[in-house]
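Paired with chain B in one complex and with chain C in the other, chain A is shared by the two complexes that follow.
== the complex of A and B ==
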């Protein structure tokens, strides 16, 4: 037969562990959230680095604007001005999904001295940052000039 | 009954102590992890900026070679390493200055160690490197 004090002790421990149980659960959940968040932060690659990698194609890939001579050699860093069109951009260089593409990287690309601009199909001038690339351009007459490629990056809308 | 009240107070303070300790532990863990991630991101961005500067410097030198500037005997490694960014534009050599004022004043300090300097060519509207014999 338990005394009144004994009964109260048992009840007290029950109440304590009910509250402590809630606290322990919260602590475990908080730990899980912290480590979950940490994992995603740890594996996150800054947008500027991803954009830089994507933008490398503009001046270095013949499917974008890099000049390819008659022998088939691609001259990385030299832009063929005849290729620098929206059509080239959207057919073989960089294209995002028509409906959901605004959630991906989109670019507005300008040749500073030539004052010529093109853009990807879901670029709406919401610039998150700008990249610069020193390039050469080859005009229709085969002349090579110095220019700067300004790449406006829209991460997502 | 008095014993029980004291016991309850003990439990209450244990509980408060646990909660406060947990709060500080979480704050410490969160701060440490967050700081290490921010730090590594900043380092990545610094590496990226340096890569962009070097890439632009190499492009500048390639441009010079294509455009007929004489790079023979030039220490290309030193030029690339010492290139600097001025107003978003990478300056590797005198021809990279596009304004007369910049060319004359040479704000990034090109050739501070050599017998060369930048001079604006009014006829060609270009900045040129002059090397003293």
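== the complex of A and C ==
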């Protein structure tokens, strides 16, 4: 038979462990959460870096806007103004999924001096940041001029 | 049950709780500390950026991925890069997608290779052991 002191001890410890149980659960969860956050930080890649790499193609790839001469040589950094169209962008250069493409990188690209703008198929002017590239443009007459490519980057909607 | 019996039972219960807590915290720390997940994610992200860079480079090029990927299998196709461990369920694969320009193709694989290379040949990007 338990004495009154014994009964009190058991009741006290039960209450103690009920509170301690909640606290221990919270500590374990917090521990897991902190580690999860740490792991995310370890694998985080800033969007600007990826956008820079993707944007390299605009001025350097012949399927985008880089000028390719009659012998087939691609002139990196020289934009063929006749190629600088939405159609070229969306059929050859960079195309995102019609339904889910807004979750990917999309671009609005402007030639500053030419005042000509094109965009990818899921670009909705929700700019996250802007990239700038000094380029040369080759017009229809074969003249080469200096210009600046302004690349508006929409990471995700 | 007498007072002594119940206090022994309580003590056993307390020891069990302490051991369980220590086990849980240690296992969480071990799982994160020994996890290859971060290494897989980093490899997939970096290879995707290498593909994007190769697309933006005129002409042909070969780039060696600087990290040891002998723990993993790599699979490159037109849609993206997959990094996984041999025999791992597909839902645990780390997949990173990319967009290639028209006419471009990406292909190749490497299984438990120390060094892998990405090669751009005309309009094809090939993943292969170096």
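Everything that follows uses one rule, which is that the second predicted complex is superposed on the first by the 155 of 157 C-alpha atoms of A that agree within 3 Å, B and C clash if a C-alpha of one lies under 4 Å from a C-alpha of the other, contacts with A are read in each partner's own complex, and residues count from 1 in each chain.
By definition in this document, a contact is a pair of C-beta atoms (placed from the backbone, for glycine too) under 8 Å apart; a residue touches a chain by one contact, two chains touch by 3 or more.
Treat the numbers as computed from the prediction; the structure is a model and nothing was measured.
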Joint occupancy of chain A by chain B and chain C, clash or fit: fit
Partner chain in contact with A:20 - chain B first, chain C second, else both or neither: both
Touched partner set for A:144, first chain B, second chain C, both or neither: first
Which of chain B and chain C A:156 touches, first, second, both or neither: neither
First (chain B), second (chain C), both or neither touched by A:126: neither
Partner chain(s) touched by A:38 [first = chain B, second = chain C, both, neither]: both
First (chain B), second (chain C), both or neither touched by A:74: second
Contacts of A:116 with chain B and chain C, given as first, second, both or neither: neither
Which superposed partner A:9 touches (first chain B, second chain C, both, neither): both
Of chain C and chain B, partner touching more chain A residues: C
Smallest separation in angstrom, by C-alpha atoms, between chain B and chain C in the superposition: 14
Chain B and chain C footprints on chain A, overlapping residues: 5, 9, 20, 27, 38, 42, 49
Footprint of chain A on chain B - complex, ascending: 3-4, 7-8, 11, 15, 18-19, 22, 26, 29-30, 33-34, 37, 41, 44-45, 48, 51-52, 55-56, 59-60, 62-63, 66-67, 88-90, 95
Residues of chain A defined as touching chain C within the complex: 1-3, 5-6, 9-10, 13, 17, 20-21, 24, 27-28, 31-32, 35-36, 38-39, 42-43, 45, 49-50, 53-57, 60-64, 66, 74-76, 91-96, 104
For the chain C and chain A complex, residues of the former touching the latter: 1-3, 6-7, 10, 13-14, 17, 21, 24-25, 28-29, 32, 35, 37-38, 41-42, 45, 48-49, 52-53, 55-59, 97, 99, 101-104
Of all residues in chain A, those that touch chain B in their complex: 5, 8-9, 12, 16, 19-20, 23, 27, 30, 34, 38, 41-42, 44, 46, 48-49, 52, 77-78, 131-136, 144, 146, 148
